[in-house]
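For clarity, chains are labelled A, B, C and D in written order, and residue numbers in each chain start from 1.
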Amino acid sequence: MEFKSRDFSAAKRILKIRKLNVGLTGRPKAAPVLDGIDLDIRAGETHCLVGESGSGKSVTSLAAMGLLPPDALEIQSGLIDLEGFDITAARPAQMRELRARRIAMIFQEPMTALNPVLRVGEQIEEVLNMHTDLSTADAKARTIDMMEQVHLPDVQRIYSAFPHQLSGGQRQRIMIAMALILDPDLLIADEPTTALDVTTQLQILKLIAEMQERHGTAVLFITHDMGVVAEIADTVSVMQKGRIVESAPIRDLLTHPKEDYTKKLLKAVPNLAPRPSRGVSAKSDVITVAGLDMTYGGGGFFRKSEGVKAARDVNFTIAPGRTLGIVGESGSGKSTVARCIMRLIDPTAGKVTVAGTEIAQLSRRQLQPHRKHFQIVFQDPYRSLNPRWTVARSLCEGPINFGTPRDAAMDHAAELMELVDLPRDALDRYPHQFSGGQRQRIAIARAVAMKPDLLVADEAVSALDVSVQAQVLDLLDDIQEKFGVAMLFITHDLRVAAQICDEVLVMQKGLVVEHGPAGGVLSNPTHEYTRNLIEAAPGRRWDFANFRALDSAPANQGATA
Amino acid sequence: MTEIPTSRHSAFQVLTGLFSLPAGARIGIGPMIAAVILVVIVLAAVLAPLYVPYDPLSMDAMARLKPPSEAHLLGTDPYGRDTFSRVMTGGRVSLLIGIGAAVVSVAVGLMIGLVAGFFRVADGVIMRIMDSLMAIPAILLAIALVALNEPSLSSVIIAITVPEVPRVVRLVRSVVLSAREEPYVEAAIALGSSMPKILIQHLMPNTFAPLIVQGTYICASAILIEAILSFLGAGVSTEIPTWGNIMAEGRVYFQIKPGLIFWPGLLLSLCILSINLLGDTARDLLDPRMKKREG
Amino acid sequence: MFLYILKRVLATIPVMVIVAIFVFLLLRLTPGDPAAILAGDAATPAQLERIRDRLGLNDPLLTQFFTWMGQLLRGDLGVSLLSNTSVAGMLADRLGPTINIALMTIVISVAMAVPMGVIAAWRHRTWVDFLVMSFSVLGFSVPVFVIGYILIQIFAIDLRWVPVQGYKSPAEGFGAFFSRAILPSLTLATIYIALIARMTRASMLEVLGEDYIRTARAKGVRENVVLFRHALRNAAVPILTIIGTGFALLISGVVVTESVFNIPGIGRLTVDAILARDYPVIQAMILLTAGIYVFVNLLVDVSYSFFDPRIRY
Amino acid sequence: APVALSAQEDTSTITAVMHSGLRVLDPVITTAHITRDHGYMIYDVLTAVDADFAPQPQMASWEISEDGLTYTFTLRDGLMFHDGAPVTGADVVASLSRWGKRDSGGQLIFDVTASLESPDEKTIVWTLTEPFAPLLDVISKQSAVPPFIMPARVAATSSDETITEYVGSGPFVFNEAEYEPGVNVTYDKFDGYVPRDEPASWMAGGKVVTVDKVVWTTMPDALTAINALSAGEIDYLEQVQIDLLPILQSNPDVTVEKRDELGYVTIGRPNFLHPPFDNKLIRQAAMAALDQESMLATMQGDPAYYNVCGAIFGCSTPLGDESGSELVTGGANIEKAKALLEEAGYDGTPIVLMAPTDVTSLINQPVVAAQALREAGFEVDMQSMDWQSVVQRRAQQSPVSEGGWNMFFTNWMVPEVSDPLINVMVNGRGDDAWFGWPTDPEIEELRADFVAAKDAATQKEVAVKIQEHVMDNVNYIMMGEYLIPQARRNTLQNMIPSPVPVFWNVTKAAE
């Protein structure tokens, strides 16, 4: 794998941060949010800031922009120097002058970062109106030019479109155009691609690199995706709990991480090499899905609308103890399949047989007794537990529904807590008193409490940090081993799929385009779409966990393991 | 995927958003004062019979419209009744009307709203009826209900309640509709919980916080509406002193005896002010989102 | 868009029908006898009976209802039992003052409340915020008639800037209209301002926390542009909604204000009609006010898409 | 700077705030005072009483035959309806006939009418079957329903239906275009009206109009009306609440005065059909418990505006006499009341007392009465309602438990109670009597005596007997007389002191 790792020590220093302390406004005694941050970025350099969620990456970038929310966070001490200008001491008006001209920023969520009620063209042009004396016509011409530079198609139309009329990638291009139109010296990008699917992410990363090349901009790139880091960084800083624990050129960091935390972080990054496939079970399949169709909407009072064909003719089976992964870009119909199987929605056609019962056509009431055979774990650990219920109550809900006496259910709940590696006393606490990873483990425990034959996990680890993600994946693996459940694992992350699945099913626009053993699909994709998906995965040639390159194509590894 | 403010969505915001305080607000000095004021007023009203110097109904034609004096702390009204005794006693009924209206409309609205929010079939019909009730101006409905029956305490409470119910129903329904999309509700379905159980155990508690806020709002506005009904001659009989009818009776004396309006008005405003403020605070304390932010 | 409006208009039909049934039942199922009122002091039972017959009050309920609905569909609102004049005519006379005062109230309220709310949100948890919020809570807490009396005392009696009471239509000169309409409008506006200011503040607070506001600031946009161009339009939908639903409150206020300021509007007319059991007038008036309410909220709904392009019908 | 806002600039228009809004335009069908006042504006009457209660010619002079059975009226010259048609005998006959179906006094006369016809354009002949001495008094009365003269085609309307054409021959023309029911009525001067030559006295004499326009408006809020008068936005306020007088008295541009010396009476009426007031002793107990002075003081405040008076026909009228009224004029007699209740064996049946909440002049009485009755040991169930509900409910003969009632209060103008034929409360004909429905043959006999009485002295004698009977039997409880002052801008001069507010003779000067 090739790294950038260019040397910029000769270039002009754009941003210098020294001993920066940020704390909660009006509470100087509270634990600092940023604790003595030092950072340097030089012209043309791409500096990546990595670290787990909540480590202070965003706060650092906002501090540099002078955009800390004044009633929540404040700079307590330290220096932020932008080409000789001290940002910590700047007046609001001065700060406004600097922004967009000298320092610009792109945010993670392209939908929410653009004003939904203003045309995107206007939003770009506004920067010119604020900071230059260009005439209206010139400003527009300049805007159009910039939009072309970020490779937006059909620029005239998009100029007068509203954000919601654009795709995520297009929106992010608008953000970039907006940030770069005045040719700033420093571009801060806070997780600019996290919300995008891999193929779009790749395009955006390329675009940023291209623009940087063209304008010689310094880039501070924030991400938690080590793959992306490997792809784009010159230098990297690793953050943990408000401190920078390690800072090094990319190659050094990936090959010879010094700090334990860095090592831990890198070890948690799953490989794109598929796991060794488990033996095919002799027992009969837990679930059989045949010809599943799901069309949303349709009908309507005035217009007969077509409806969204979210899943078309989906077929698969899963045997006990085995895991089927469904991968595909956003909107391809993954969740739809999961929800149909769980009968949270009613499929338009097809058969779903779980533990010997055909459930696709059962009424709610008829279905109820069969529910214990299949359980689901959702993506969002915050919302999938009732915030008003204690953990114990949540864990007991299912068993009690199926006739387990309360006491027995409680005892079982305590055992489950051990299983998912949480203290027993956690039973009396409420969900908000846990971290995201802990919550997800509780959700898994709740599903397992039903002793299901099939466990559906819909993006069950996507909201979690890599390190936490690794723990949860381990837990799922354990459970599968112990109870021999069949698992349907839905993810958009190929690394995760490679890590956990025996079989993979690739979906695109509701259709299954490829289906086979994980090793086969991920190493020798036959379908164009699957190939693109794999190509686009950043850092796919690096074996992070072992601090070395994957010297050959991942497929071979999988095959030989 | 996109956040589209549909009208249902915004109706919910309207109802709850009215009382929003900044995120992370802790109970400040304001709500403390409000609570103290409210407790004092409520106690003063409830205990009024124990300490007021005169029977609030006893008249003395020879001592009409007297200015404040030792004998009559706040003077007397056009019947020669003691204003102080009346105002303090009047609080009892006003508060009763406020609390009564709030409790009844919240209870009735909660039931209808849960049904509407959960049973698709009933929803259409119920909501059309609620829309219609909302479209009739509350005050006209109240006057009609009171005038056409008779202005007893209970008919005033009912008259105030009827127009409030649809608002509560909408609120409850919107909470139920948005809560039933929550993954934890789907999880409960997956865990095999029955619909009534989900409705009562998972969904209903979500409505409590907004309902408490709405309840305080109804309580405050009921006290005000009672005053307006009295003003229009459709209120509770003057035999039952309320802040509303004391003010309504005193309104023509506004220029010569402002005390007749001022004192009940002051207590009423303080009371409503406190109730509203406490409603705001309750909202913040009960909002699970707040807990999440703190947690 | 057109289809949407058509659909919304059609959707108002059941609402209005239910209102009609409701009002009709409310009047007929409660005790009350317009004949006794018409007959006056010296009426004998026989006279009463004759009058009831003539008014059709002795017909079966269903017959009365369908007679009324039939008339209604033909656009005939009937004749006032009391004054024997056509309800449509009374309505035409009385609607103007109320609508004009209501419009003026809305203009005043929006013009004052929105900036108040915006500034309170912008400077939230400062004394400005506190002031605005105190005012708006106060606006909720004082009965309308008291506000009316206080305004009259100050501006009409002590300062003598404007007349105490009365109404002149704008057709008779804007000055004449304005000087009489300003106090009632201000009276009505207090509660409306309170409502809108609160909603604006709450909505703005939510919007000001959004990412795109941070984006705007990151672009170096001036604060006033951030507030009014970026934030306010996004905050508009709930504000519009409250203006629409608050319209019901406005109608309540109108009833009282029209008494205090002696304005010949529909609020007072309806109250008088209710007190006099003048059924045709009550029915027409409640239908009318309900219709106005529904219409205003229809307008509000349709105007959402003007402020928020994501809403397309 | 203060804006010029006054109604004072226009000296040809009088803006008056009347006691209530005009909604019913048929003065025969309703007894509402405002409609009667409206009647006097646009209609004329055949004969009218002057300030001495003496009937005087107005549209017509009269002759009575020796036997008292034939009355011949001759219309004066120059009488014309607002549509330009002359007033004829036929119009008068039609108008009187319609009135006779509605008015209680009129009904009595028509009971003894042989014929009423008009032999020629100018003459009307009324023939009776037996003498009816007070005929002229009845048709000249100023209230409640005077026989206004309308065109025959209008008077042809059934007496149960309201008229729809408002044409009279009076001094003012009803301006239909500017009429807003309950809010505004505009009257234009009728140029074709020929006033009599005599000076105006009450409803009699020359009705000389000096302004072009009179506008009546209604102000639902008493305080607003007073402020409007103070500020010069109106010229005249028919009724001022006594307590509010201080606001006006400090204004040098405004005069507050009594319109006339007669004023009003306020009365309480028991229901004879149901217990406990079907028992005479209990009615007497109620009368003993009540006290005029405190009732009137509460209503009026200022003793200058009330008059403790036990005379059911009014203290300053020819028939007025206070015999037997000590029980109610001599202060509350709680002991006596308790004794009477004891004697009657009152069992605590609650008294349903109807209490209107929306008519200022009627709010106080029930409240004061309830308190007094309770002190005497009555159970009182005071039920608040708007006045129209009282009006509806008082017509209910059903038992109290089924929507009936036991007592209510109302007010009359003194001229409406000033003799036994006009005063409906002394009617004792059971179901045909006024609400409360006493069946009282004794009083009916006395009333017949009154009709038959040949001279004033005999009439008075009978009237005193009726007075004593009413005080003993408690047909109703006379609660005293009171006056409601009027207020006007000083620019308004020469108003006629009269129980009915009239707008002829008045002049308006520039301020």
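By definition in this document, contacts are C-beta pairs under 8 Å (C-beta built on N, C-alpha and C of every residue); 3 or more make two chains touch, one makes a residue touch a chain.
Since we're looking at a predicted model, the values are computed, not measured.
Computed from the mean C-alpha positions, the centre of chain A lies at a distance of 50 Å from the centre of chain C. Work out the mean CA point of chain B and of chain D, and you get 45 Å between them.
Our note on geometry: chain B versus chain C, Cα centroid distance of 21 Å, whole angstroms.
Multi-chain contact residues, meaning those touching two or more other chains, occur in chain D at positions 221, 223, 358, 386, 389. In chain A, 71, 164 are the positions where the chain touches two or more neighbouring chains simultaneously.
The residues of chain C that reach two or more other chains are 31-32, 124-125, 149, 259, 275, 308, 310, listed in rising order.
Taken chain by chain, the contacts fit none of the simple shapes, being neither an open path, a ring, a star, nor a full set of pairwise contacts.
Under the touch rule stated earlier, the contacting chain pairs are A-B, A-C, B-C, B-D, C-D. The part of chain D that touches chain C in the complex is made up of residues 2-3, 5, 21, 23-26, 29-32, 102-104, 144-145, 160-162, 164, 179-184, 217-221, 223-225, 227-228, 230-231, 233, 358, 386-389, 391-392, 395, 397, 403, 424, 431-432, 434. Within the complex formed with chain A, the chain C residues making contact are 3, 7, 124-125, 210-212, 214-223, 225, 229-230, 233-234, 307-310. Contacts from chain B toward chain A in the complex involve residues 1-2, 22, 24, 182-184, 186-195, 197, 202, 205, 288, 291-292, 294-295.
Chain A contributes residues 71-72, 111, 164, 342, 344, 364, 368-369, 371-372, 374-376, 378-380, 382-388, 397-398, 401-402, 432-433, 443, 446, 450 to its touches with chain B in the complex.
Within the complex formed with chain B, the residues of chain D that make contact are 221-223, 241, 243-244, 246-247, 293-295, 297-298, 301, 355, 357-358, 363-364, 367-368, 370-371, 382-386, 389.
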